[in-house]
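Paired with chain B in one complex and with chain C in the other, chain A is shared by the two complexes that follow.
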Partner chain A sequence: MDYIAARQGQILVKGKDNFNISCEKKSEAGSVSQRACVFCGSRVVLYPVADALHLVHGPIGCAVYTWDIRGALSSGPELHRNSFSTDLREKQVIYGGEKKLYESLIELIDRHEPKAAFVYSTCIIGIIGDDVNAVCKKVSQEKGIPVLPVHSEGFKGTKKDGYKAACEALFSLIGHGNIDNVSPVSINILGEFNLAGEAWMIQEYYKRMGVEVVAVMTGDGRVERIARSHGAVLNVVQCSGSMTYLAELMKEKYGIPYIRVSYFGIEDMAEALYDVAEHFSDYPEIRQKTEELVADELSELLPQLTAFRNDLEGKKAAIYVGGAFKAFSLIKALKHLGMTVVIAGSQTGNKKDYEMLQDLCEPGTIIVDDSNPLELSKFVKETGADLFIGGVKERPIAMKMGLGFVDHNHERKIALAGFKGMYNFAVEVHASVMSPIWNLRKEVL
Partner chain B sequence: MKTATQNACKLCTPLGACLAFKGVEGCIPLLHGSQGCATYMRRYTISHYREPIDIASTSFTEDTAIFGGGRNLTTAINNLISQYNPQAIGIASTCLTETIGEDMNLLLSEFRKQHGENPLPTLFNVSTPSYRGTHADGYWAAIGAILSSLAKQEFPRNLGVITPGLVSPEDLRQLKKVFKVYDYPLLLMGDYSETLDGGVWESYKKISPGGVPVEQISQAGDASFCIDFTTLTQNGGTKYLGDNLNKQRFTIPMPIGVQLSDRFHRLMRKLTGKEIPEEFVVMRNRLLDAYTDAHKYTFGKKAVVYGEAELVLSMAVFLEEIGIVPVLCATGSDTKLLKAEIEQNLKHPEKVQVEVDLDFDDLTSLVHKGDADFLIGNSKGYKLSKALDIPLIRIGFPIHDRFGAARVKHIDYEGSLTLFDRVVNTLIEIKQNTSEIGYTYI
Partner chain C sequence: MLLRHTTADVVEREGLTINPVKTCQPVGAMYAALGIHGCLPHSHGSQGCCAYHRSALTRHYKEPVMAGTSSFTEGASVFGGQANLLQAVNNIFTIYDPEIIAVHSTCLSETIGDDLNQILIKAQEDGKVPEGKSVISAPTPSYVGSHITGFSAMVEAMVKYLSINSGKSNGKVNLIPGWVEPCDMRQIKSIAKRMGVENILFPDTSDVLDAPLIGKHQMYPDGGVTKEELVSAGDSIFTIAMGSFASEQAAKLLNKKCNVDYEVLDIPVGIKATDRFIMKLSQTAGVEVPSDFKSERGRLVDVITDQEQYLHGKRVAIFGDPDQLIPLTEFLLDLNMEPVYVVSGTPGKYFEKRIKELFEQYGIDGKVKNGPQADMFLLHQWIKEQGVDLLIGNTYGKYIARDEDLPFLRYGFPIYDRVGHSYFTTLGYEGGLRIVEKILGLFHDRQDRDAPEERFELVM
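And then the complex of A and B:
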């Protein structure tokens, strides 16, 4: 197959091609990109804030496709699991949607009493020119809660611009809470969405180390906790693609430094704890507790992995995920299972990410940016991969081609972060790769 | 009167168009708008059908929205041709492109001109602004657009054209079987029976096999009759064949249950000039026998039905004929016709509350504990069924929380029998679960 000409620079084979990968481009029309849009970026980041109203301003589609689609858990309110829309009709498209937006906000705030409201502008709002800022300001004054416009018109950039709009909305919540009682040994976790309770697991690790977690953004999110997150001493950024921008904003305004971590896999999880301990080196007991914690967890985990490794040794995996940072961790995690990565790609990686990917991968690995089903299926065939790690849109590619699949996207209901998550990951990989069905499919009638 | 929509009981129009396009052989759907629309609809439909569903996008950017999407449309079509080598490209607009006033017909005719003599895949387009109607309207409109752009009149022939509505791939296969048994040629519009429920592949297919070839659709103008399984959607479907090409056209409710399947088969008898084949008589008898055997389980039970208006109407008739009262019939479509149709087709419409332009929040406020024995509709009613602690029988679209959505049977005597078994077993299960004795023999 020939690639779309405009995409040639976005695909390279390690050890064979010696050019800098081209990335951070807009998706080529007609390429069936696996990416979504600006709105998706904003919605995915803010979604887990459970006590906020998330009102999608536009026709029904954008709201309904994002109704309760994620595995982001809440320990309390579950307002985030609803789908609220202004459900614009022809009349509003002609005469403007401000009145309907205002009335919807008042009605929903009165009824659900959220701690804040996010108003997502969809494509059409950017065209009909509703003054969403003005409506939000007015409602905020009347109702006494933050009402934040999220400028996420789908066509005004890529998913990354949506992350940025979400960060801006979060940033405007920060700084309003009381920080008197925040510990001098405290962090925020940014870019952790509490899928299947992962944020709870990670918080528990930090708690065992003696570190206070002021706010998780946005997993199991609460407006009040976000509002006092400026009291934390350090920001720990997990999903760097989505939340580094917020960390930068907080660094600039509140002088809070940040580190980038990943909670997937053994090394990265341990490093995420050690890096925090390192930051609080004035408190040597933290380092000691961290060592104990990691030793504890690994003494349980490592023997469990052996059996899986015996079965999986030498199998080949393809990775195509949203952010490249997750791909780094997956490559390392798969090594523990005896597997090698033959395809590594992401929707939104940058140049540095792809350099790092090349460093981590074996020669011959295909590195790809903003890929599509035709390319991915071709790569799978060329490399003879046994497993595909991706999201719902990649699943049918794997299934049709007859190879295992592990969902590592926002919709999953299984915790894959942390040490326990590494075990779950091994179970998932093993259950898919070792299924008898792949051999059965080769039998001839 | 509330303003905002909470947990909608509908999807947007372009999604329905994409499903209709999946019924054309070698066709790839292309959405003229933002990248997100295509990706969201892919994700949503993949979760239901569990098949590869490639939907392309013209990937609008800010510049495109200001200066027009002609160039993106051209690029997208060219890229699709070079990548997928499709036989057809079905193009649907979105709210964005409708609002900026893109003239798709003009853009496409310019595109064709640029291409001159070079052969192109068949291109058809439909206007699907998501601020008007629901996914069901998008489906009917897209079928209408396919027919009006392809149907040619050459010489009259024996051919029945059917638009079945958003039924399952299994239902589509049943319809094809019906025509085979009648030994009558069928042009089944929106035939995604294979494209959205196919087998394993030895090598990756760019476009899922199946669907009706473009050349066959072009014969629609020669058809002897056309039937749409809708009495609620007034545009699209085979309307063009009836209005513009003077074909005899019938609109009937989806054939679910004995009465509505009878209506369908009587129409088939009339239109094909053939007696109703023995096979269907036997199946009808088996269905009636099952109704008889289970009549006490079903009598006097109450059900809430929701989903696409067509499905709701036929389901209401089916439930009533087995002694179950469809106490609430609800749809997200803003259609005045549903109430009238319920009144016309049910023996006791006074027992039925009809709600249109409704969302799941409305539905939740309308149904209280004790009002109904079960819900019947798509997956999105699960929360309500959990809150009321009553079962949900999953039918229609989307089914995201059960396996086998593509193989749920709804229509004709055969599909109705499977559906009936599910309903009865659900009622027996309630009986068993709510009894302290734990009968193993009910």
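And then the complex of A and C:
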């Protein structure tokens, strides 16, 4: 197989290659990489804060491409679903865009009265050197709301650095709210963005356990709830790639410990609840309620899965997702459906992630970092996968090759988290893999 | 009530753009480049832009969209991206083996002053471009123009780098379709073919972005204008450029470089623009108009008159790309509708001028705006001032349509939430019929939906 030579260490076969993956490096120039930028990272993390203003400072494109693309649902305000851009023109590229930024902020805050404002700097701002911090500070003083610069110039790293910038912005909101009434049995959920209403499902579980959720960051997010999140006793980090950094910051400043969890798949979901219960072991009724909850949900779910399993037993799946953590859960979830994973890859995994990935996979599995369409389609062909799990850019490739597909990224419209989500996942995998349309893909004319 | 914050009184804005009716140049350059056979578009800048542009095109066309990126990091942003691009060219030809690489810049690479042309000459000199392969490039900083001007720049680059006048006529007519759907490109070719006019259509995304499913992923699908055709475009007898925003620059350059005469026509949307296109084809190629065009046209007019009472006096708000809005506005006017608000984010004086002429000609008291602050916020404010019966525009119109409870026809780019736009043409008389069918469908559905029990009728 032909790879870009420099990518050799990023593609390994379990059981065959010496397992020393090289990752966390920048993509080769010229590769058709599936990766995004710093700004993209910041934007996906912060965008669900629904009562805040999100102003993209830069040329128009960056704002348009991130306009309401992720379906992060809100139960109230919808300000976040608008697209606000300073739409930089040549003039500002030469003379600077601070004035335009200032005026735009004032106008927007006056009209929409947001609870806070996030100002995203895109690539070009880093080059022309606008003093975004100063403008934000000034506006914040004049308008009396937090106006937070998010330094997310695209070229200054990877999506991960964008997560970090977002965490910093969130962190500066935290600590301002009143925490008098926060329960001693309380948590924050970090890294859950309420795609397809998942944050609502998860919150419901914790509520049933008797645990108060102070803030979800950032699904269905509200500035006020974030501002008092330092009152919570524990941070529960779901999308660890994006939010562990914030958990660290909060641990340091407020002494709040954190645990890492995943809400995808049966074991991981149950564990996420048990781990929280464990933390509140001084309250034995919580453990008991958790057991009841899990038993309840499983007694409904497990029999439902059997039917799918009968059809799917022995089918092969390929996974290529953003964060490696998601891949772990998916591998376990697919096992419940009788499927084997033959390709497992991520855009941003680190060494530890890939080691864990290797442990979870069967021998012969191709493990890949920062892949591209040409490779992915070759892998699929070699392994004879029946299902592909990926995001928007992978879907049409999988479809063209004639195999089932499940979106586990932006374009997902059904909840895949939680026990109900496992069922939804099974339905979707089954429907896609078993579709009769794949029998028609070969030309007969 | 997503847009509950929109106020009715129109506020003057200087800087800010709210809910834009445009996007940035590179995505247009990328789309145009995909219309060359065996071409890999390449984005010279950071990874993010390229990922976004590919996502945007993938979402609209529901097809794999391939493109390379120079993967800028901080180093490149300080020292320039030459090394990245040279390496990229090398990597791309070795690994992905395209016929052509079509490079476009982004805000970032433009701002730091990378000269694509220079760098690519160096790539050639360094032997990084294999024998028989080509590299073309277009500057597309996104702080000027819009996705449409980016498209235009890449079409111009096709001429600039490839077209040659060999001194021997090929007897063909060049057709430059502008940013339209793959099915529209197919339709233009088909009209020319039915007329017996040999042509070179560029770019041509049919069979690239509406490729069939055959059980394998083709890095380079079967469609696209070939490099040989682009070279030969310099030997054609005439060029018809459709749309002044997306197509005129290439035609102009072809005229200057290879002495091919040209005329800019509207994209053939609706009856009159299609008439003009067909007449022009017949004239330049010296062919008769086959009679089946006359019947096709007659059937369209017939359907319109049959349903005339549902169309006349209906107020319409439209937004989108200038080359499409001009003939679409004209068509709506011919349908006896009233396109009262017309908004395009793409800058350019010609647009307002043409739309105002149309308003005047048909006696419409309408509003038109394009350029930076011509956005959906403005359009929504106008609609709040005085309502309309129909909204036409890309996917993002759905917010306004829902808030104002308006029938909504999706048209233009991008359309993320419906299918069909890339398969069923809206060009020519056939496409005109489709537009009318869709509009009538919306009105009829609305009437059925809103009818009280006693007024719910079988025959409409």
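One rule holds for everything that comes next: the second predicted complex is superposed on the first by the 442 of 445 C-alpha atoms of A that agree within 3 Å, B and C clash if a C-alpha of one lies under 4 Å from a C-alpha of the other, contacts with A are read in each partner's own complex, and residues count from 1 in each chain.
Please note the rule applied: contacts are C-beta pairs under 8 Å (C-beta built on N, C-alpha and C of every residue); 3 or more make two chains touch, one makes a residue touch a chain.
For clarity, every value in this text was computed on a predicted model and none was experimentally measured.
Novice: On chain A, do chain B and chain C fit together or clash when superposed?
Specialist: Overlaying the two structures gives a clash between chain B and chain C.
Novice: With both complexes overlaid on chain A, does A:Q92 touch chain B (first), chain C (second), both or neither?
Specialist: both
Novice: Let me test your reading of the model: by the given contact rule, A:E28 touches which partner, first (chain B), second (chain C), both or neither?
Specialist: In the superposition, A:E28 touches chain B and chain C alike.
Novice: In the superposed arrangement, which partner chain does A:L79 touch: chain B (first), chain C (second), both, or neither?
Specialist: Once the two structures are laid over each other on A, A:L79 reaches chain C alone.
Novice: Looking at A:S104 after the superposition, I want to know if it touches chain B, chain C, both of them or none. Which is it: first, second, both, neither?
Specialist: Both partners, chain B and chain C.
Novice: Would you mind listing the overlap between the chain B footprint and the chain C footprint on chain A?
Specialist: Correct list for chain A: 2, 4, 26-40, 58-67, 82-90, 92-93, 100, 103-104, 107-108, 123-124, 126-128, 154-157, 373-374, 377, 381, 392-393, 395-397, 399-402, 441.
Novice: Which part of chain A faces chain B closely enough to touch in the complex?
Specialist: Touch list, chain A to chain B: 1-2, 4, 26-40, 55, 58-67, 82-90, 92-93, 100, 103-104, 107-108, 122-124, 126-128, 154-158, 372-374, 377-378, 380-381, 391-393, 395-397, 399-402, 441.
Novice: Within the complex, which stretch of chain C touches chain A?
Specialist: The touching residues are 1-5, 7, 11, 13-20, 22-27, 40, 42, 45-56, 58-59, 62-74, 76-77, 84-85, 87-92, 94-96, 106-108, 111-112, 141-144, 146, 211, 213-219, 345, 372, 396, 399.
Novice: In their complex, what parts of chain B are in touch with chain A?
Specialist: The contact residues of chain B facing chain A are 2-8, 10-12, 14-15, 30, 33-44, 46-47, 50-62, 64-65, 72-73, 75-80, 82-84, 94-96, 99-100, 129-132, 134, 200-201, 203-206, 380.
Novice: Which residues of chain A touch chain C in their complex?
Specialist: That would be residues 2-4, 26-40, 58-67, 78-79, 81-90, 92-93, 99-101, 103-104, 107-108, 111-112, 123-124, 126-128, 154-157, 373-374, 377, 381, 392-393, 395-397, 399-402, 411, 441-443 of chain A.
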